[in-house]
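This is the structure, below, for whatever I ask next.
Chain nomenclature is as follows: A, B, C and D, assigned in order of appearance, with residue numbering initiated at 1 for each chain independently.
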Amino acid sequence: MRQPTPEPILELRNVSFRYPDASPGLDDCSLPFRRGSRTVLLGPNGAGKTTLFLHCNGILRPCRGQVLFDGSPLDYDRTGLRELRSRVGLVFQNPDSQLFSASVREDVSFGPMNLGLARHEVRKRVERALEAVGMTGCADKPVHNLSYGQKKRVCIAGVLAMEPQVMLLDEPTAGLDLRMQGELLEVLARLHAGGMTIVMATHDLDLACAWADEACLLDNGRLMTRFDVDHFPQQTGLLEQHGLGVPQVALLHPLLIKRNVLPSGGPAPRSCAELARMLEE
Amino acid sequence: MRQPTPEPILELRNVSFRYPDASPGLDDCSLPFRRGSRTVLLGPNGAGKTTLFLHCNGILRPCRGQVLFDGSPLDYDRTGLRELRSRVGLVFQNPDSQLFSASVREDVSFGPMNLGLARHEVRKRVERALEAVGMTGCADKPVHNLSYGQKKRVCIAGVLAMEPQVMLLDEPTAGLDLRMQGELLEVLARLHAGGMTIVMATHDLDLACAWADEACLLDNGRLMTRFDVDHFPQQTGLLEQHGLGVPQVALLHPLLIKRNVLPSGGPAPRSCAELARMLEE
Amino acid sequence: MHIMEGFLPVKHAVGWSIASAPFVAYGLRTVNKRIKENPEQRMLLGVATAFTFVLSALKMPSVTGSCSHPTGTGLGAVLFGPAAMAPIGGVVLLFQALLLAHGGLTTLGANIFSMAIVGPFTAFAVYRLARAARLPFGVGIFLAAALGDILTYVTTSVQLALAFPDPAGGFAASFVKFAGIFAVTQIPLAISEGLLTVIVFNALARF
Amino acid sequence: MLLERYAYTNRWRRVDPAAKGLFSLCGLTAVFMATGPAAAVPAVALVATTLVGTGMPLKSYLRVAAPALLFLATSALTLLVSLRPGGPSGIVLSLVPAELPHAALVCTRSLGGLAALLFLALTTPMNDIIALLRRLKTPEVLLDLMTLCYRMLFVLSEAMHDMHTAQAARLGHAGPRRTLRSLGILAANLTMQVWQRSLALHHGALARTSDGPLRFLEPEYPHSRASLATAALGGGGLIVLAVVTI
């Protein structure tokens, strides 16, 4: 596994945002995303996760504070935004708000075409992106005949084809059954292994705990905490306070240590499956 | 806890159904729902769970086989359907496709108004239903200002106001964070305590295991198995075979017995929280 | 009812296409201007096109007990403007021809003229007149949608009568024949569409 | 939509839509050039070609053609009836046998036209047709409307279907008055969705560096020249058939 390096690739500094209709926005959020890291953005529904993502991608502009990419503040003119959006890809929760063409291959080409690349380069990227998400076989199917999980993967391919350095995913596993979830996580694992920085908004704590390196907790537009996922067990109080519950493994592991079934010290297991393996040894 | 009585309130007998566009329907499903029981319908996306529900409510009519309510086959004429649909309520997965009115109270009154009840009776039922889901305080709010979890509860109220005997819920916890999930399960517990028969389609095994009395496994439109939830641990092989995974508690509990941390025999814990309590004792 | 492929003689097919062209061109110019001023309008008008297509597939009960589909011209004209309805309706008619075999390519011009030009402009004019006459909003919407619907079918009857004049009674007799079939039978359906559109606007006003 | 299904699964799906469009156009020309019942010859040839190409059973073909055939039946009957003032009721309806050849010509022409339209519709997915229109320099806005309409009509019709089902489950369609009311509410909800969904799409497009018109990679079709030549040959054949049999 690649070790994340310390300097942030994307960073929010004291970002505040208010929607015109007074629905909660962001409140003084400061948050760096380390290059090559896998971060989860935790928080109940309506905490501001999507709003935060829209800032990272330059679709929303902070009322106060600033967003930095690669150390320099975002440039909100046309070329600056194009540059940014080709580096920071955003996968929305609902595939229907992101798929424009009924043809899979055409839709994936949308981003690279907008970047003004040559045809043969676009074609190459489309094929590569489709392969990365395992959808080459469905490239000629119409989008409306795909399953929900397949649509999600097409959305990811559409973002991948722009070859971003950071990928933001909003609730990527919502509505997926376990099999589809597994397929999606595999895709993400491959991307991360290839050096991609990945940020995922979710309220599935078990998934967060099993998958991420780092976690941030957002509630009511405020960043409540940020911690290394290895320290998940110490954060359970705060998580519960914000209505997120506790990852099941973090509930059981300390008890098993207390009862001397498992040794204390050493890294905490990230999932019940891992805990089960520890028990089997 | 109320003991479910044996005779089924709703029953499918050899029901087969094919969609005109050849998407998978149902294949010879026989399934009784016991009065007062809490049943989960398990299965991956596209297994036919929603199709089965649409048969229970008379919206789809089987190509072969029959559906029985209270021991008699469904009557598909207008009065028969009205009768059935007021007895068997169906809560769909997506709240946005079943809330059509501007205000909460108006939406909840949709069903009882269509039953042709007198105004004061409608009013009484609406208030009762709102109270049952804990939404009285939001009765005059516009629907689109509600949170996702609140919308789900309004959907349930809309069905409750028709005072059904059976309630079918399609993926009720999908998209809910843990706090909202907890609130929803509380609502269902109250309804069940009041004598309601509840059937829930889900692919969340942990939830199924913690909540239900009985479970059925559906895949590709076929009923694969039906079992008492106390026998969950014995079914893990089959569940995994259909891509549903294993409830985490069913993964850990046997291992803890094997390692003599917990005594064998006695009822299996239904959730990790329960397992944690056993470990704390 | 759209005029089917091949039904109109060449001259008429070409003539109606030429008649429709300036309206579609004007509509496109308006749409382009709207998009230039407000880029979100591109998506809005695209989704509106899909909406119009889907709405016309809605099965609506008629006062006589039969079923029919709304034309949606009144609703669309008031929501998106009558000028935009020409290109929107044109795309919808092309899609209906290619996806449902409803209408045709050579008859596209004629169908656009009745469904996407006469219908929406009538509906919009009636709506504005009703507002100017200070009629209640609901009455105005009802008249706009119902008359938009009726005039659409009157136009279709005119188109058919011009193409196929009665051997004895000429255009007038032929018009009476076709109007008897397409426009008159449409009256109860137009009333349904009018009522439906009123319900839609009432519901929209409450959101 | 039955037509759609064949458009995606038929044998000629990968054939250049320009070739299929050309053949269809030749078919239309042939049908219009025939001045008598001869139009039936290219019509039959078109139907046969379509059935062979798509491999669809005749029954499905007729089902697809049914709404148009209904229109044709009523309209053709109207042509055979004459109206003139007079008689006790003010108008006299009479059958005009002399109009029979004219009506027959209109019928064969319409059937032929329908066959040509169905050939294109049953062999060519909408995306290919839009791509073809792009090659033919259709105005960009129109292409955008088509692309979005084609994608979103499935999304919206699913939403409409779900709402309809949910209303039915709560007895919203018991009786015509309730049905009309429920449909009105449904249409209003769908109207709201037009704005919500278009804003979401707008954000989606921005996130993918869009700055206006929707651009996509043109699809490529193998053996494009050969299929164009075949289509021209076949289409020419249709025209010759129509002209020769006059």
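Following the convention adopted for this analysis, contacts are C-beta pairs under 8 Å (C-beta built on N, C-alpha and C of every residue); 3 or more make two chains touch, one makes a residue touch a chain.
Just so we're clear, the structure is a prediction, and the values are computed from it rather than from any experiment.
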item: Pair with more cross-chain C-beta pairs in contact, given B-D and B-C; value: B-D
item: Where chain A and chain D are represented by their mean Cα positions, the distance between them in whole Å; value: 43
item: Euclidean distance of C-alpha centroids - chain A vs chain C, Å; value: 46
item: Chain A: positions in contact with at least two other chains; value: none
item: Where chain C touches two or more other chains at once, by residue number; value: 203, 207
item: Overlap residues in chain D, where contacts from two or more other chains coincide; value: 4, 126, 147-148, 150-151, 155, 185-186, 188-189, 197, 201, 205, 214
item: All touching chain pairs, where touch follows the definition stated at the start; value: A-B, A-D, B-C, B-D, C-D
item: Complex contact set, residues of chain C against chain D; value: 1-7, 10, 28, 31-32, 35, 39-40, 42-51, 53-55, 57-58, 60-61, 63, 65, 75, 79, 87-88, 90-92, 94-95, 97-102, 104-106, 160, 164, 166-169, 173-174, 176-178, 181, 192, 195-204, 207
item: Complex interface listing, chain B residues touching chain C; value: 100-103, 142, 144
item: Partner chain B, residues of chain A touching it in the complex; value: 44-46, 147-149, 171, 174-180, 203, 205-206, 243-245, 248, 251-252, 255-256, 259, 261, 272-273, 275-276, 279-280
item: Complex contacts: residues of chain D adjacent to chain B; value: 5, 159, 162-163, 165-172, 174-175, 178, 182, 185-186, 188-189
item: Residues on chain C engaged by chain B in the complex (per definition of touch); value: 203, 206-207
